[in-house]
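Take a look at these structures.
Look for chain A in each of the two complexes below; its partner is chain B in the first and chain C in the second.
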Partner chain A sequence: MHGCQRMSDLSRADSVGLVIPEVYRHEAPFALQCGVTLESFELVYETYGELNDQASNAVLVCHALSGHHHAAGFHEVSESRPGWWDNCIGPGKPIDTRQFYVVSLNNLGGCHGSTGPCSINPRTGSAFGPDFPLVTVSDWVRSQTLLADDLGIRQFAAIIGGSLGGMQAMQWAIDFPDRLHAAVLIACASKLSAQNIAFNEIARQAILTDAEFHDGKYREQGTNPDIGLMLARMLGHVTYLSDDGMRQKFGRQLKSGDLSLGQDVEFQVESYLNHQGRSFSKQFDANTYLLMTRALDYFDPARVYQDDLVLALSNALCKFFVISFTTDWRFSVERSKEIVDALVKARKDVASTVIESDHGHDSFLLPIPRYFEVLSAYMGQLHHEIGDAR
Partner chain B sequence: MHGCQRMSDLSRADSVGLVIPEVYRHEAPFALQCGVTLESFELVYETYGELNDQASNAVLVCHALSGHHHAAGFHEVSESRPGWWDNCIGPGKPIDTRQFYVVSLNNLGGCHGSTGPCSINPRTGSAFGPDFPLVTVSDWVRSQTLLADDLGIRQFAAIIGGSLGGMQAMQWAIDFPDRLHAAVLIACASKLSAQNIAFNEIARQAILTDAEFHDGKYREQGTNPDIGLMLARMLGHVTYLSDDGMRQKFGRQLKSGDLSLGQDVEFQVESYLNHQGRSFSKQFDANTYLLMTRALDYFDPARVYQDDLVLALSNALCKFFVISFTTDWRFSVERSKEIVDALVKARKDVASTVIESDHGHDSFLLPIPRYFEVLSAYMGQLHHEIGDAR
Partner chain C sequence: MRADLAIIADLINPGARVLDLGCGEGELLAHLQNTKQVNGYGLEIDGDKITTCINKGVNVIEQDLDQGLGNFASNSFDMVVMTETLQSVKAPDRMLDDMLRIGEECIVTFPNFGNWRCRVHIALRGKMPVAQHLPYSWYDTPNIHLCTFRDFERLCREKGVRIIERFVADSKHLNRPLMNVFPNFFGAIAFYRLGSRSG
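So, the complex of A and B:
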């Protein structure tokens, strides 16, 4: 029965259907911001829709902390769930694949096929593991320009991302102003707060202190820091939800009918988080998790502009759409307002909206009606602006 | 020089000076809410000030999650810091020991001298460890009544606590209405939210999954779950501070002068949290930490009153003072308002105030001028009400 369900999902008119990941190979040295040079690298990516003749209708989707290239559609008929942003990408959806050619990649340092800690280091013949160099948001953006070159995309109609994905879109606007028509920054911030960094540090410590971490060489030991990853994910997950949203979803509901007053898991929220944490630890590489959280912590594009965000954004040529959610306390409405204020001061074309939602930071992944309506309208306007001469 | 500093602290006019902990021994069975009966128990406690002839000027101070009996003064001249609430308890301080006889104990299940997981189980001859039964806030309150009986205190002038300590004061008002004149509930809630429980669960999982936990029998193995306790404390600590407070204290300050783009600790907030976590793991027992967080999770006095807090509080006879802090997001102002609203609906004598503070939940431990002024005024009024005929 589940198979039938998936078949019908696959064949729905608003699904991009079956997709096949592709690989971009960069066979030349690539110098990272940290000083290390990769001799070559690969990026795994997917595309949905068709590039028009002027190559003007491309949209780059940048993923967040634990995301990857598989944003929409299905890899095979038996796949249990579609890509992570399937509700937003497809025919008739906010990022409409009848209008746009969507590119979604796994970032450098990832663990879903792009060159990262799990890849073979050509210099040693064994996996990079903990020796994979630190990658920054700027590095990601530069690597994405190479992918764009390879795909024949000189200028994206839009670069879109939520959370860490929005930070990449912001960095594009600063570093490569003529290569995007619009940046859509969703549930992000211009830099992390001390509290954000603190949560990331606790997650990292959980991984680093796991007895199975072995200084990052867990694969050589035939093991995995499952517990550290589980704790990191549980913590992350709590910060992605809101207090209100958790109250609605779980309240103080008990796992069984009544209080047992024992040491076992008692409340449903505990059971849920445990499950989330355990399944994540089977799917995600610990060294990549460390790398991704470091990239988040270090993101601070104003730093090289005298800590002046207005100055940092002053070279941008694209238009901006900044979206935030009322109960997001990880990257709150206030943090988006800082970006909007800086863009206004820098005299940029900026639209912004605050979406009412009970779902905290996770809201950016959810099909909240008003969110999707305004995003659809904005994307429709972009499509009008770039002109469609497919 | 530090010695001289401490000497002068000790001899300051507003210090209670040197204090000697005492032990109350209950040599009869004590049935816990979970169904287990302790054959006997001990509570370690301290007192400051003098009990008047009518025994009407006693104040009970209840401690929070990681607190203990040593609330004020010094145990010895060489002690580096005074008790945990020394800024609030002493001659001329908000809880003025010239007016009140202050009792502060380590709760049952604690790890600072009262009967708990580190104590010898008389039935087995070895430490309880993980077999120490679950203790609830109601159990604590009942054990505290026995200590009060032993001290000749029929009715406390006030029972005061912050956080989990405030929950004990609330439970006293419900379970033993004629044994307190006033309850002072600071930075607390009538029950934990799903988010609160989730943070506690992550802390517990960090301890339970530590390779050195050994199902709670770490002492028999000659080891300690230092890492789990460290992570639990780091996480707790972040939730005790506010985003604003952390921004002011740490911002994005780097540990060294510039970004090293490495995997080491880079931001000062990381360094601070690591230190806090590591020192805590040397001082606190893991089984006690599990027990205390469970007591927090289970606290829900309205549960046996048809989930109606108004009904639960309707039998209370004491007056109430409810204090909360603007940036406390662990037990927010809203949670205190719920208590105040229920007290008003139950037609109780209630005063309340919201204190502006950048320091989050930790505010209740800090000498914030307006906080201490109103607490002093309230305590002065109580002193007037009980009459002083020492």
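So, the complex of A and C:
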């Protein structure tokens, strides 16, 4: 029954269908911002749609904290869920694969196939583990330009990302202004607030203080800091939802009929968070989680421009689209407004909208009609601007 | 293009920096971007109108005018435009101050409550006027601060705002001879080009 369900999802007209991840191998030294040089690296990526003759219709999708390259379609017929942004990428969807050639990768330092803490360190012959160097959003963007070169993409029609993904799109606009036509920044911020860093630090401490963490060498010990990862994810989840959204989704519903007034899981919300936390701890590498949250904390493109975001963005040549969500308190509407105001001051082309939603920061992953309508409109206009050169 | 927008477009220099407050479906900005290469932004609150702007490639920013314009720097635009919106904001006087703080010049258009049709409605029928240029009933109108041309000009005098140009038209945006003689009686809509007192 489940298999049949998959088959029908797979063959739906708006699905990109079966996809096979590919690997880009960079065989030359790659110097990271932290001063360490990787002797080589690999990026795993997927593409959907077809690159046109002028190579003008490419769209880069950048993932957020716990994302990866598998953004749309299915890896195999038996896969239980499609890629993480399947609702947005496909034929007839907001990022329409009949119009655009979509590239989605797993970032450097990730744990889904790209070179990261789980990879073998060529110098030692064993996994990097905690010794994998710190990577920054700038490093990611530079590594992405190498992938783009390899794919024959000189200029992206758009670089799109939510949350940490939006930060990468912003960094692209600043560091490689002639390599993108548009940057779409969704539920984004130009830097984290103290509150955001605080949440990340609690998540990190949950992992670091887990008895099974072993200073990051848990693999060698044949174990995994499951509890730490679970707590980190549970905390993250609470901050990605809104009070209203949680009330609507769970209320004070109980798992079983009546209160047992015991210490076990009683409320639906507890059960949900436990489940999310547990499954995350099985799928995600703790060292990568630490590395990704650090990259988030350090992101602040204005820092090297005298803390002046206007000055930082004045390099940009692309147009911008900034989308935020009313109940997002992790990357609030105000943070997006700061970006828009800086772009106006820097005299850049920018459109922005605020989407009514009860789902907090998670909204950027959900098919909210108003959100998808306006994103479709923007992508349609971009397609018009680059010209259908197919 | 709407006749009133064509009149406004004529008043804007090529390459100017333009801020359009309540830009609607972005008709004016799209026209100015295509014909005069302006660097323009429009503020709008209505979702469908924002989508229409995006479909036109207009720089539309979702922002509620009643929350103020504090996010725009002083003297950062050549022209700040507000068409048929001044009468529906919470504080038109403060809005005018802000517009002249942000822009070197402003263009404001609004319906004239002193038009003879309005006067007839109130004087003879004892009813709030509903006319072509004021199509709403009193209970559902967004026009919460209606005024006459004379009222507006008095406000400008009090604030020391310089009226550079005024163009009076009927509800179809046509200028007829009598309007220039008795604007506050025969005019339905006015276009004001304003500058700060210092200018």
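Observations on the structure shown:
Assume the second predicted complex is superposed on the first by the 390 of 390 C-alpha atoms of A that agree within 3 Å, B and C clash if a C-alpha of one lies under 4 Å from a C-alpha of the other, contacts with A are read in each partner's own complex, and residues count from 1 in each chain.
In this text, a residue touches a chain if its C-beta (ideal position, glycine included) is under 8 Å from a C-beta of that chain, and two chains touch if they have at least 3 such contacts.
Given the structure is predicted, the values throughout are model-derived calculations rather than measurements.
When the two structures are aligned on the shared chain, A:A211 is found in touch with chain B, with no touch to chain C. Once chain A of one complex is fitted onto chain A of the other, the partner contacts of A:H275 are absent, as it touches neither chain B nor chain C. In the superposition on chain A, contact of A:R25 is made with neither chain B nor chain C.
When the two complexes are overlaid on their common chain A, residue A:R12 makes contact with neither chain B nor chain C.
Comparing chain C and chain B on the residues of chain A they touch gives the larger count to B. In the superposition on chain A, A:G380 makes contact with chain C only, not with chain B. By the touch criterion defined above, A:R81 lies against neither chain B nor chain C after alignment on the C-alpha atoms of chain A.
Shared-chain residue A:R98: touches no atom of chain B or chain C.
Under the contact criterion defined above, no residue of chain A touches both chain B in one complex and chain C in the other. The residues of chain C lying in touch with chain A in their complex are 17, 39, 41, 47, 50-51, 53-62, 71-73, 76. Within the complex, the chain B residues that touch chain A are 33-35, 130, 134, 136, 191-195, 197-199, 201-202, 205-206, 209, 211, 227, 230-231, 234-235, 238, 241-243, 246-247, 249-252, 259, 261-263, 265-267, 269-270, 273-274, 277, 290, 294, 297-298, 300, 329. Looking at the complex, you find that chain A touches chain C at residues 321, 337, 340-341, 344-345, 347, 349-354, 370, 373-374, 377-378, 380-381, 384-385.
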